[in-house]
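The following pair of complexes shares a single chain, chain A, combined with chain B in the former and chain C in the latter.
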Partner chain A sequence: MKDLPLVAVIQFPGSNCEYETARVVEVSGMECRIFRWNQLQPLRDASPDAFVLPGGFSFQDRVRAGAVAAKENLMDLVVEGASGGRPVLGICNGAQVLVESGLVPGWEPGRIEAALAANHVSGRSGYLSTWVFVRVRNGAGIGNPWLSALGGSPVPIPIAHAEGRFVFRKQDAGRTRPVEALAYCSHAGEESGVYPLNPNGSFHNLAAVMNPEGNVLAMMPHPERAFHLWQLPPWIPGEWGDRRSAALSGGNLGTAPGPGSLFFRSLLEHFGGGAA
Partner chain B sequence: MDLRKELEEVIRTRGLAMRTEEAEKLAGYVGRMPTPLEFHLFDTMWSEHCSYKSSRTTLRLLPTQGPLVVLGPGEDAGIVSFAEWEGNEWCLVVAHESHNHPSQLLPVEGAATGIGGIVRDVYCMGARVTGSLDLLRFGDPAGPSGERCRSICRGVIEGIWKYGNALGVPNLGGDTRFHPGYDDNCLVNVVALGFVRRDRIVHSYAPPEAHGEQYVLILTGKPTDDTGFGGATFASSDLEDDSRKGAVQVADPFLKRVLSEANAAVLDHLFEKGVSFGFKDLGAGGIACVTSEMAAHGGLGIVVDLDSVPVSIGGLPPEVVACAETQERYGLAVPLRVAREVMDIYNVDYELPRLFPGAGAFLIGRFTEETTYRVVQAGSEVACAPVESITEGIVYTREERPAPVIPVEPEERPCRPGEDLGRMLLSFDGASRRPIWSYYDSEVQGCTRFRPGEADACVTAPIPGCSAGLAVSGDGNPWYGELDPFLAGAHAVGEAVRNVVAVGAIPIAVTDCLNYGSPEDPEVFWQFGRGVRGIAMACGVLGLHEGGGPLPVVSGNVSFYNQSSAGGAIPPSPIVAVFGRMDDFTTATDISLKEPGNTILLVGPRRDELGGSLYYRECLGHRGGRVPGFDGGLERSMAEFVLECHRRGICRSVHDISEGGLLMAAAEMSMASRPDARRGMVLNRTDADPVYLYSETPGYLMEVPPEGLASMETVPDFVSVAGRVTGTFSIRSGGMEILLEPLLDEYRSLLERVVWREEGLR
Partner chain C sequence: MIGRTSGGTAIAVSLKAPDPAAVTARSTLARISPVCCPSVILRYDHWDFTGEGATEESVTGVVRHYTDIVNPNKQKWCFESELDAGNSEGGLLWVPVLVTDMVDSVSENWSNILGRSHPGLGPVRYSVLWRLGYDGSFSEQEAESMAMEVSVATHRRKGLLANPVSQEIRFLRRIGT
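Coming up: the complex of A and B.
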């Protein structure tokens, strides 16, 4: 690898996770720059190798979450990069922007065929902030620039959103299966379809959806908040809970990687870096 | 008509809160009948909310200085030195406010603007805001006003998440309590904290350089409207009716987020150019207060041109444009020569006018050597006052009349631990706060180690890359307040300190919000004075930081008139937040039991002082009794012992003993254990003694390895072995075993019925 890959983090008006997202990209061994929504020319000149749309409340979720940001001129450059095969990741509000721009599920490029609807939990409405487990859908991780390092085991990761329920224009498993990327499950990997294992009522327990090519990934959980093992809550069960306990007694909690780092390790490996 | 009558007439027709004598004083300053703008400006400046006219003398009792204090009370926020990192000294910036009255009338907007206002106080010191806490007091959800209390509770929580989450400031907890004394007057106290490099602290007045060079005032943010007109005055009077809703501001976290990004870019730009400047947020009294205070505290005058102020509603009278409390605005004092480039950052780089109609940065005033405050509109002067009138406050000496409560103990104290624990855990004050916290984003910014509920204090690593950890906790027990206002103040500090010490941090600063009824009522004013003395006493003995001296109170707020016309005053409610520091945030300790066989230490003797306890309230239906004493020397020794155990690395879990006593603390530690590795506790004492199990005498439970104490040369006499950790999900004592599994779901979901939905309450 001659130069470090350059990752562009896009700041929309109302984004609020851009700085920690940029930090974890850098810690993962890549170069990262934050581009403001109106910095089209600098973004074009930089010609980044990958794009990340961070979490937040772009344009105050006016109309629908992500709907206004998806119409910003700067998104043309993201669409261009995506159709050229460059990896694009949308986290939370970034995922909402990708869905509203038609990049995901991307059955017909540019056509909006999914939505991230308001959470649907019996008796409860509004924002939900909690840790969940997700795992990669069978086969989705193979060769994927964002998922390849995750393997098939459930990983703990936090969600924090009010509108995170994937719905599709035609809720047809035959169409959605090839673009299903991450599913909510228990720490043992079971899917129940209902709260709290499925925290928002998402179709097929989906936590993340990609385009058919797999280079564009829209995920509701926040990998940058599970990047370090020390970010995990004390009560996390299963293998990752054991790793946390071991690091705590081993005195290396400050440096041990968390499950969220796997998304960025996948990207680094995609560019030929890291321990492949 | 004589002047006095004329002034009284204006006060009446304009709905001002100022007294006739104050209006006379104002007329003396300006040398004529004051203009409407002057009336409203001084009505705000001299309101209780802004002037501390009743409380100032008493507040001098609080320790505010110390070796770590960079800036004590006086400006928008207090500042203490926190950590050296990459050659810079980083400072913690803290502010604490109440938004009680607005939240009672319009809970969503009131709570949202509460956060909006407090974060501005921290931003305007030049800091990045890295956390907020909410200290909430609601009425009895199952009482006669239960429906309204629940609805206010839901609204406040909605306001907090809708604002705080969108702004991108992690919620670091706080507390929520229920007491019938808040049925007609909820409390919404908010704390914001942030970090700034010491060489980049910004002050809220025109800098000394403004004496030699032309400085101007730039107003940036939302266009001015009529919201919040009279807000500070409103906060300083009784909650008589709903007609004051117009005095509640309207919040906009989206604009605030973009504005914060633009502010950061502007501050960077000015520091890089080496330009001195002043920066202040617009809060109470709006433009009039920010312009007059920035000028007056810089020893200057100013001419403000109201025609240059962007407005979103036409035809507003000058006093409304000048004094409305429209949210999301800041004032900047900069040299004229950089005004254009500063405004371009807001208007061009960050496109404020495109993102929000009418928003942007505008030049609205010029500072003058002549020390007069002038406001002009359409060529005529609508205000003209000497700046001394603005800096010189007013002070009242209030009468106080002691009203101590005689403790009445219950006649019998039956002790049925299984049943009692169930009652306490499944009470509004005892149940898990998770249903509330589930709405808050506690992890944005990626620095959070412990979220609310996981440990006694929230812990973050607020300076990326630096290992220094911050621990924060906020407390205040209204059930103690109504029995002993002095001990309520002392224990508020004591408990928050214990929470910070329990995770392994050394307390370095305190903020307070003192919530009381009317200061004009001598008994209420006595309660206030007792509360302040309690805080001062506790801070005096709990300075555990390097360099010694008392734990400093660096920022705070007083909120009076918390009462309704029908009911009496709220219970005396001194509420404090304590901020602690640790060298390595990864060594912080949570409350979850870890390893069967580990020893449980009890730190602190149990004493027969159960007044106001959760046990009396929930199990005996009794609210009286002797409140736990505050033994300052013991409290300090206990904290030193716990910190020493942390230094030796022997703490596996630590939880302070507070509401519900030892048994409740043990149950909470068990229920925090991993769901796939449930833990419990066996207690050595086998008798069912209510004092041992339920007394809220301050103390800690600490899990240490079996050999943990062996390394200690001496063990203080206030430390005893209480029992050990087991691999079963229960608390055992003698032949008795309380299974926790059957209580778990209800413990976790009880408050869902208050904050999620309307359902039958017990």
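Coming up: the complex of A and C.
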């Protein structure tokens, strides 16, 4: 019998965020194990309660970011888990894998219905590494295993990607609202399709998209890089900047949780833990 | 000869060493789509130079000047029309598939750069050219049908080379054995 929920972090050739992702899962109060892309039987035997596909450059982004990893046999188990309601999170390259797997937006599971295309917004293209603010789309966080602890306020979080622009087919543009999870915004919560508030030209300013059931979340920002409050840069404005300043003054900056921890706290609470 | 899709001059740029993306594409397709997987896959950067000034001579000048387009230390290039030279290799039937991002910063940026330095050049279009080599025993129709199957990624286990949500796929004129 498992005492703690087990989270599987999937390591593809070229993943490079698996260890810090596993670390924050453990610090959040869950068990975590890293499984390589070819460890099908160990993953099946472990029967994890949730899956995380971390950031990086799986298969060196050959052909197209996430495209090759999406077709790996191990993804069968992730698809199986997702269809059984288990939480699945894709971060950055992991999000690209989920989109190429057809798990997100998942109107017809397995069918590829979206793309994470090259960044392209007026005044900016190419790889972008910076801090942004995101907020949960109205209602998306309610009961969501990854978003429930975030509330409605904007949170600062880093992005680092060249292909993070959510694109949908024209005929699907009118039905995306229920799967819209996170949107880029200012520290005050204002949205704009203009750079830098929308850093990559993403449709509806989307930073994350989920499946209709909400258990699969593909997000471009890196929550593991904002897990601790000390990871925030000192110039971050708004509530989280104030928290950082207060923690610095109070001498507890080294132990205070950052906004990225909310994603993993949501998961812990989903499994019935973490309620103080 | 590969059919031209516009006026001007197009070039194909490839690695001198085997292309890792082509190797990975083939091994992936062999696993998910063994029946339709080509015997050989070659990958090229495809640059389509348009405009009155896009002659072979001026394009050669551009290629020699800008090592971001062709890095002579690791890449080789030829005019699109010269791809004929290797087409009968191994008696394969080649299906050329051109994949272009619908919104493409690379093309926009190079169009801006070259528009300033080479006033006679029109917009430049960057694509990836995949040449899928099928056994010569297949008919052209069969080869093209199989190429379509492996090129357009419609489902997790179906198609690889292009995501039709964000990319255009064009099948250039087929080449005989």
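We adopt the following convention: the second predicted complex is superposed on the first by the 264 of 276 C-alpha atoms of A that agree within 3 Å, B and C clash if a C-alpha of one lies under 4 Å from a C-alpha of the other, contacts with A are read in each partner's own complex, and residues count from 1 in each chain.
Convention: contacts are C-beta pairs under 8 Å (C-beta built on N, C-alpha and C of every residue); 3 or more make two chains touch, one makes a residue touch a chain.
Given the structure is predicted, the values throughout are model-derived calculations rather than measurements.
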Touching partner for A:R169 - first (chain B), second (chain C), both, neither: second
Partner chain in contact with A:A117 - chain B first, chain C second, else both or neither: second
Which of chain B and chain C A:G126 touches, first, second, both or neither: both
Touched partner set for A:G254, first chain B, second chain C, both or neither: first
Partner chain in contact with A:C17 - chain B first, chain C second, else both or neither: first
Touching partner for A:G189 - first (chain B), second (chain C), both, neither: neither
Touching partner for A:G102 - first (chain B), second (chain C), both, neither: second
Touched partner set for A:I236, first chain B, second chain C, both or neither: first
Touched partner set for A:Q60, first chain B, second chain C, both or neither: both
On chain A, positions contacted by chain B and by chain C: 59-60, 126
In the complex with chain A, residue positions of chain C that touch it: 20-21, 24-25, 28, 31-32, 101-105, 108-109, 153-157, 160-167
Touching residues (chain side chain B, partner chain A) in the complex: 158, 161-162, 165-168, 252-254, 257-258, 261, 349-351, 355, 437-451, 454-455, 461, 464, 467, 584-586, 590, 592, 594, 672-677, 752, 756-757
Interface residues, chain A side, partner chain B - complex: 11, 13-14, 16-17, 19-20, 23-24, 36, 38, 55-57, 59-60, 123-124, 126-130, 158, 160, 187, 222, 224-225, 227, 230-231, 233-238, 241, 245, 253-254
Touching residues on chain A, where the partner in the complex is chain C: 59-60, 62-64, 67-68, 70-71, 75, 79, 100-102, 110-115, 117-120, 125-126, 167-169, 201
